[in-house]
């Protein structure tokens, strides 16, 4: 048996390649499907089935790409009218090689969500693995906030799916979720890449609640909904544009980058906070490479040209791949030769301040300390005394709350989101912006005073 | 400066990737263009120009694929009306980064053949490199036999191109040819991957001849013209079908392979001679992996499904790539799991005899010793006494010359073409076929008697 | 958290690399430790601890190599006096980054066998994973036959370790065993690479037995003990020779191979059965590449030079690596250029017969059909009527049972062990040996008559 | 024939792997010899000979490592008493496979320098390639300044070696030098990776001079002699310490790095100038990754622990490899997790100023503009008006010339050496140091005024 968990970093998304005998199936493939084709070729197996546990919101599905390359059949839940594939219903059994996949309706995250119980052929009563999509994660459960007016209903349905279906499979069943720690699809997913029904029963805090408690808890959750989700939902219902038809990213001279920026291109600086601080292209946004999946969707539109800037001489393929996974097919190019090419061209350079936590004076005058972490982290970890709260995702919309005439000190957990926030502030006209390197982690390590409680954050927290 | 010579093995074809500053050009790209895109990305340069030294006969050009992926301009000689690209004429200079490429008309192999002299910008008078396409190789020159009725004219033009144009560039100019040792585009190309004008002047036997001698020598040459060349010429004039649209090769069960063979598919066994001899699928042809480029074009038509059979569990990507380079887009699939899957399925197995040179008795009765090497090699190296000559490329057409009722002993240089010939004979009804492992190389090493002279080969050699 | 299961193919051995925060530990490292160092470097973590679940019998430990390269501490069970590392006892807890490893005494396979329960720091009561070494596999349990005079005692202790310790951890605990399907350390290990306590409780046949039944069942098992195990046990107690000091494998000419064979070197032909059958070096043994781990230890001594022969032009690194894992440091070299170099040298060639199952006539005269599968498989699957049984591991010692004057037909499951057996028979003077390609699998697929019952095998089966 | 030019980047050193038939030789191997072993294995050839064109000064030879792994014989010039290998003399011919290597004495760079003319066996009179070591480069010739008191003699001998030996081989001979553009072993080596005798005759400015002119020109050259050269010369005469015995680099926490720095370790920050400027460990030196080969030897002693700091999570293997090539075996480790780990630890952070060329005011008060380029470049390219000259290699020794109380603006060609210089100034107590990003390249591109002439550099230029 071949078992491969494929992580799409940044998205913290897991897809799965499972083979037995001469056949294999894939669960929730991402848009760039070479990894599955390579696995199939290496093992000499044919991919015969592709399962979509649900219509995904956070990335483009690769089902059509993969089906096109292999002839495999796409299977998905019946409660949504996909423009492709074949609907399956609860109890359907699909044989793949020497294995059997049984479909379980597990709505809650969405209506059409399914889970897939895997057993050896002829042993359907003793499955050994279950693919739970966005229903159950290690240490958390799926979001139920996509249908604002049905929030309570969906939370209740998820509770039933978990307790009546997934948890009844047996404590010894290995749980393969669609997301790991860091995903925007869950709030507190554990770092364990795999888990089991039994371990979740014992330790998952959401599974210790009764139904009313569970619904109340889910109602109280506050998850970001990046603007790009709407496009993903549309793509994943109709089928996204074929990846092969997107023009590939090209190297650009410093002059060409400057011209493109003048015509509205989004410049994304992929470097770390200190490199951005030391010298960047005026107007560029600082989304570090591993942050593209999480943050590009907030700052780029699907009709805007995107240009990447990095320190490396080679093309930033990883960033391009992440952007494509979000359906961004308007990546114009990248600054050939990296930032050193910009420097050498004699063009203007912008800078951002940096400081260590040791240099921060909470009570100093004419400064504005801005916490860009999400509110839940702020509450849980504590704050730098006197800091204001605007999560990084919300800064553009709440720029009026920032007193641009003051010295602005930005911080997050470690400094990356802080630098992104700083780049947004600089682009929006703030003059004196400093990123506190190391962020709250450093603040705590250095033994500085941690203020507990919400502080001056806005808007008020959900009750 | 980036200098990369990319060898397409099997074809013994060289393409070139040359970069300087932020720009690069490619000479004679093959159909699978990832290697050029990868080089461009790794070095952070943009491919701006693609040169075709001539309309190639032995492989599909990748110019259109590469131009599509990069926006580069395709440039070619003006004496043929290509359906794509832009014609350039003698003396044209193309700047690429800090380099200059000067076009040289060097007809002879074909009318539109050009060479490309490379110099640093501003130093056009001292080129340091020349791309000679099929005009000049290390130790040999290009074929001039494609226009049967103009054979003498073309040989004369090649002579002039060599002596009046290429050799006048300066002895110190590095020569980058389009083919290396083993190419069907030359008879006796040296193993040196690079050479120089000066070294060829001193050592290339063709360059020691005066014009009448040269023409006479070229008239006397005898080169195979594989049937697939016609398709290549058509493709390379009009632009070949896009590679991306060809369906990819799929794994097939033993039963599916058997069925496809029954419907006319060509089964190509990629294993070595002894593996084929020990047990193969009845009716399959034995073209070892490295021989696909040279021999598939003789035995498969462009409308026939092709199925590969190998020993490995993984997909035979190398063979597929070679076939695609020849424009074969009808590769149905491959036997999943390799020959062991066939064996395990309990299906019939065919065998072929093998022997060492020590077991051969030239004068034995009721045997027919068949030499399948080309005639020039036969003449140059000598023969096993009493052997008949039918080059492997001609066996199908000359099958009537083979006494199928006798024990047939086949040999070539080392055993691979011998096994291909044996597979053709078996497929055509011969019962008792033995491949002499090690071929003429082994015969000589073992100290057996070598007969000089043409022997009983047919047709009569050119005078 | 980083979780990597590293399979050493051939041995079907699993080692594990687990990281969290900046630290990582390795369980049961193999001798070639680059894979662990590469993982540590890629993730920027330091390997701080190495665990030996027991003194292994089937491969060389890499603990000392890995400790030397990293400074990690080696930990092992206390019931055996290792010459290296530090003994740990039941209940000891070792912190690694944000994880805790709790030592569990689980004797039975050996006295010093331990299992390792993994939990997040501060949650020792809810472990999520357990490394069970050779105590518990997916679908099977460890061997208890290494101490012949204590067989019953060891089986009883293993029963207690399983039921009183491992199975009490919780049904939802993921089980990471030291071996997968195909290992010589278990008889019927499942193909699932991971399992859980709960799934094993429900489905593992050995765990359904009460203690007397369990002991009886373990008493009745019949496992091979390859002769190389003795050396492994010695090495793994004292610490094996450093890998870096072993001279590396060198390319050899055909002449050098012939000379070395004359001086007693073991020639190991790595090709598949049909390639071996079609032509091999006289006297060579046919151990296919993936079979080196399982069979080299039967046919080579630790003081004998070993020479590999293959079809590939490149060096057989995979075979060399497998041999080194067994502690064989006397690998002289390999035939440079592969078998074609031998063929071309004009040296003698030996052959072996092959046939399909369709050509076998069970009742024919003057033939001896030899089944070389292990006796348990023979009993479970059935036999070709009239066949004799000598497991491939025992042929050398039981060569007198083979009537060398007859036509000998050899078969196994699929043909690989059959070819190894054929090569042993040829080396021992049998003249007319034929390997039935596809073996029993093909026999059944082709619908031939399967004889049930033990047949004429020897020695008598355990009662 | 196999021809591979292996570039050791940073050193701009070329070694060569040449194979023909079953044998291969290597010219001037570097210390980490895996690349040669991999090539040999991939092609199935044995390395039989290793040539040292001379006792190298700028890197550790790998001859002993490679000979140990292969059994190859080491050959070198006779005019120096190496502690290993066998001396060869002018005219000696060494056969390797189907090739012949003829030794040519070509002293001048050093006494024992040899070149190696390569021809096909039996054609020694028509070599097609020559390995010229440090005698002849593309566009330049070797240094002759290592023996201060014999400067004129060595220059004269080099002139004779070039004109009487190398240039007489024939214009068409390909020249394979030991160094490419950027090497410290030549002043103005061209970017062409290969060249020819004929092309150098026509275009190499040094070859256009008569002997007195040549000697005068070589006398006037001014090359840096890094302090580490002395160790290299000692190592390469006696044989360097085996690479395998050096302890491997380990990940270190921020605290461990701080402690090591306190005990005298050299912290080398591998990031680019803007990352260093934005926030670095106080006291660290900024040698960007590609600059390790060129600059580590100036700032680290062979008995000092070295610690690398980077932005990446993974280990800086490339920097380690470069350091090992210079014989540095005291690399303690690297900051695990990269600079973000330092930031998160809450430790102090130092910064450096940056500016674009547009922000520089040459005539401003209280500033000191420092040009750290070498004097020859300064003379050739021109300067920022009013700038002082101290080449980066000399700053430590000339720190007294820097007015530390002023605002110091540093520049080089593009900004990397400028950042190194800035880090040295900061470490030596300067308070206000700004690196002009883009350096002189940007200055010129931006159209700022370029001052010609030497300016205020010191010491006076050689007459």
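Read from first to last, the chains carry the letters A, B, C and D; within each, the first residue is number 1.
In this section, a residue touches a chain if its C-beta (ideal position, glycine included) is under 8 Å from a C-beta of that chain, and two chains touch if they have at least 3 such contacts.
The structure presented is a predicted model; accordingly, all values stated were derived computationally and were not measured.
**Q** Decide which interface, B-D or A-D, involves more C-beta pairs in contact, and give its chain pair.
**A** A-D
**Q** Centre to centre, using CA atoms, which chain is the farthest one from chain A?
**A** B
**Q** When the centre of a chain is set as the mean of its C-alpha atoms, what distance in Å lies between chain C and chain D?
**A** 49
**Q** Centroid from C-alpha atoms only, then distance chain B to chain D, rounded to Å. What do you get?
**A** Distance between chain centres, rounded to whole Å: 42 Å.
**Q** Where does chain A touch two or more other chains at once, residue-wise?
**A** In chain A, no residue touches at least two other chains, as defined above.
**Q** Considering the complex alone, what residue numbers of chain A touch chain C?
**A** Residues 1, 3, 20, 123, 126, 128, 170-174, 191-203.
**Q** Please name which positions on chain C make contact with chain D in the complex.
**A** 22, 37, 40-46, 69-71, 244, 248, 250-251, 253, 312-315, 317, 336-338
**Q** For chain A, which residues are in contact with chain D within the complex?
**A** Residues of chain A touching chain D: 271-280, 311, 339-340, 342-349, 351-352, 354-358, 414-416, 437-439, 441-448.
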